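Structures follow.
Same chain, two partners: chain A is paired with chain B first, then with chain C.
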Partner chain A sequence: MTTTALVHVVVSGLATGSIYALVAISLVIIYNATRTLNFAQGEMLMISTFVGWSAHAALRLPLPLVLVVAVAAAAGLGWLVERLIIRHAIAATHFDVLIITLGLSLVLRAAAGLVWTHDEFPFPSFFGGRPVVLGPVRVAPVSLGIIGGSLGLMLALAALFRWTRLGRAMRAVAQNQRAARLMGVSVERVYSASWVLAAVVGAIAGVLIAPVIFLSSKMGLVAINGFTAAVLGGFGSLPGAVVGGMLLGVLENLAPLWLPAGIKHSVPFLLMIAILVLRPSGMLGRVRQRKV
Partner chain B sequence: MSPTLTLEDVAVHYGQRLALDGVSLTVERGEIVTLLGANGSGKSTTLRAISGLVRPVRGRVVYEGRDITQAPADAIVAAGITHVPEGREIFPEFTVLENLLVGGHTVARRDVAARVDRAFELFPVLRERGGQLAGTLSGGEQQMLAIGRALMARPRLLLLDEPSLGLAPMLAAEIFRTIRRINESGVAVLLVEQNARRALRLAARAYVLETGRVAVAGASAALADDPRVRIAYLGFGRNAAPR
Partner chain C sequence: MRRAALGAGSALLLLWPFLVPRYFVFLTSLVVVNAIVAIGLNLLSGYTNQLSFGHAGFFAVGAYVAAVLTLRAPGVPVVATLVLAGLATALVGLALGIPCLRLEGLYLAMATLAFGFVVVEAIQNLDWLTRGNDGVAVPTAHLGPLALASDAAKYYLVLGVGALMVAAAVNITRTRTGRALLAIRESEIAAQASGVHLAAYRTLAFAVSAFYTGVAGGLFAFVVGFISPDAFDVFLSVDFVAMIIIGGLGSIPGSVVGAAVITLLYDWLAAFQNYRPLLFGLILIGCMLFMPGGIASRMPKWTQQAQ
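Right, the complex of A and B next:
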């Protein structure tokens, strides 16, 4: 195996890893606010991407506008799901809400099948097909584009959480909901904002990855790897979600080089088992000291 | 002018358990009032009913003439009541400054910096620790942060739940001096405190709660001499009464 080939494998691993990281971030955003795991995250991503694609197909919209349409659809869908479904289960146990989102994921996937069929569709890419040559290494522009786009989004999210009132309120709610209420934070508004923000991050991930894995009603399954990434990093930690996603993407691409080719799809599960055995709080997770 | 706060016959249930059974009390403008009572008598629940953390099943909470009984907690903060809960409940993963900033969530953005300065003025140690994670502060510093954070919203009524709990006597005295300074700047205070003697010295009036009802009420000086209060809360048994 040459170094250049290795670089190529790592770069494309980082590209899929970026997508896993974005999906992991969207799961963590909702989890931090509401302590709920959203099993429908992948399907919400898929629907938003499909809506963008439909706008492209029907109106010949340019790609940046397709992204805007997908993001708007995601925001609306996230808001509706929280407002119409999750909000009513506010007194339910986490497990009940988990079952609700699991059911929602099945409904959304079936609905997408009815509207768009279960076929695969090519999705236009922001990035050209000619490889970028960096010295001896040739990398696909789509990989670099996905990595760059994801990093840009992550930086924007970091700024949001650090410097804006909404971001600070979201972090306050994650730490202590009752204390956040006593600061005048509307916890309901934070729930709403978290679902919208998570859906938007998912939609951007969807538009970035769809050209690579094709658009289909099954593309929501990427959420499984996003979930693994979040667990690897330490569920609840946003930097952990990024590190976990990148690591998963790279290992998934490297493993078939030395192990049987079929190993690729087992990598997330093997990694998840390994981390749960070795360090259950994840790589960057802190052991939460919950008050009794 | 209407009083700062009036509770009329407020009752609160926790599931099947009756926590408050018709509490009525008043806090006049600029006044310090203290709530005394044994553990479980309903002191903290009274504060929670005022700040909107629990909903009364009966009765009314009136703040400056407005009925806030059913108002959401965030609207109550915006209206001018902040609550420093028992155990401080600072945000441990935020820096000291971030804790203060989130305390200013309801304040106009252009006023936030001035509020932070005011909190630092009141508690200079917080300025030194501004960039430190709040979870690493000492108990006394955490209490100062909790009070400073509650002042960010520019309250006209401050609810304090056991501010001296777990603090060394020197620190507790400092906290009490600061409460007086805050009060002198025009903020009314409703204080729940286990150290009844100290609370009675600070407050103008006091209410004694027993199993969710007001058992005794009156001026602090009178209550400090009331035999029931002396025996139950000031540690004077009948036989141990000073001669």
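Right, the complex of A and C next:
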């Protein structure tokens, strides 16, 4: 295999990987605030992308506005879900909340099917079709756009967590909820903010990936790969989510070159089982000590 | 009260094929098959707090072992086939359970979810054995000279096996093993402090749960008569979880009721396929918010097994 082809495969792997990383980040944001996994993350991503697409189809909005519509829809959806459902289960066990988000994912997917049918739709892309020539290598602009857009969003998130009041509050809640509350942080507001922020990150990931994998009620399944990415990096760690996502994307694209075609789709799952068994805390995660 | 209800219930179940049309006999067989899975899953989730989203995978292993065995060795009596299907699945359960011992909660849920995907993928790709996406037409089961071809005959097979499995599950809670599992359910730390070997019992629960699901998978293959990989997707695992959530975690009568509710809803909503997940999802959310103990928590006292 030539180096050119290898570079090509790695770049498109990094592109899918950035999406996995974004989804992983959105899962980790919610996990850090509420210690639960949001099974409906993929479906929330799918619904907001669909809303953006409908706006595009009905009003002929330009793409940047489509992104704004999708992000607004996601923010509204995230806020509603947290306020109407999750907040009421605040005293419930993680197990119960997990089941609730599982139910929510079923409801959202079915609702999307009723509104937009279960067909696949082409989604307009920000990026042109002509390959970009980088020295000897030709790269699809979509890949570069996805990587660039995701990196930009990740930097913005890093800035948010590092330098804003909200970001500090979110980090405080992730570390120790009671201490955060004692310091005057409104934990409830952090819950709300986390769900909204996670939904927004998901929506941006959805708008970026929809031109590549088509828009359909099934696109929420990308959340499973997002979870694998988060586990790979160490669940709860944001840098881990990024590294895990990129690694998963590249491995998934490279694996079919050496492995038999039949197990291509199993790669993320086998990888997840392997990581969970060998190093449950992931690459960048810390081992959580349990107090008795 | 308990005795009278049990007697009347058994009589009704035995006479069932003579009382109702054929389709309802088939449907009842499916309810019993699902009830066996729900009990198996509940032994794992309800007792040892290990949530599994991969039971469709175990179910598929059981179904395919039974189907392939009946195809390749038609002489094997159906009871032996079912036991083998259960044992093979239990082995797979051990293979998955031992490495997963260190995992808890979310991680275990995701590992089992991944397992479910891998099983379907494996069935699709091992076509020399499973005929891949084409599926397998399951031959008629034989019990000695009897060919279990009619819906009623299959029903009695399912009912007999189901009764055995329910009785075993009820009695498990009265043995040393069962008490250990109950102790783990109440508090893992207290159980460990009292000398319950947590890892051993968790693995055992995994294997027993897989055994139940494997036997049910074998029965499913015979009842339905045709199996293909798309019948065992992740949504089936979700349905199994829904059964024990609705029925009640850690309750055997609850498992049976939950299985009946979901199976019958499935049938009634067959014409409204697009609304089914909507309803199931709403039921799950509503159950967790308003009735976390499931239906079992609202059932009269005499239905609860002695604990």
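The definition used in the following text is that the second predicted complex is superposed on the first by the 288 of 292 C-alpha atoms of A that agree within 3 Å, B and C clash if a C-alpha of one lies under 4 Å from a C-alpha of the other, contacts with A are read in each partner's own complex, and residues count from 1 in each chain.
Methods note: a contact is a pair of C-beta atoms (placed from the backbone, for glycine too) under 8 Å apart; a residue touches a chain by one contact, two chains touch by 3 or more.
If you're wondering where the values come from, they're calculated on a predicted model, not measured in any experiment.
Of the two partner chains placed around the shared chain by superposition, chain B is the only one that A:Ser186 touches, whereas chain C remains out of contact. Of the two partners chain B and chain C, more chain A residues are in touch with C. By the touch criterion defined above, A:Ala172 lies against chain B but remains apart from chain C after alignment on the C-alpha atoms of chain A.
Shared-chain residue A:Arg138: touches no atom of chain B or chain C.
After overlaying the two complexes on the shared chain, residue contacts for A:Ala89 are found with chain C alone; chain B is out of touch.
In the superposed pair of complexes, A:Lys218 makes contact with neither chain B nor chain C. The contact surfaces that chain B and chain C form on chain A in the two complexes do not overlap at any residue. Residue ranges on chain A touching chain C, taken from their complex, read 36-37, 85, 88-89, 92, 94-100, 102-111, 113-114, 224, 227-228, 231, 235, 262-263, 265-266, 268-270, 272-273, 276-277, 280, 292.
Within the complex formed with chain A, the chain C residues making contact are 49, 51, 99-100, 102-103, 105-107, 109-111, 113-115, 117-118, 121-122, 124-125, 189, 238, 241, 245, 274-278, 280-285, 287-289, 292. Residues 165, 168-169, 171-172, 175-176, 178-186 of chain A are the ones touching chain B in the complex.
Partner chain A is touched in their complex by these residues of chain B: 51-53, 72-74, 77-78, 82-83, 85, 89-94, 98, 101-103, 105-106, 109, 149-150, 153.
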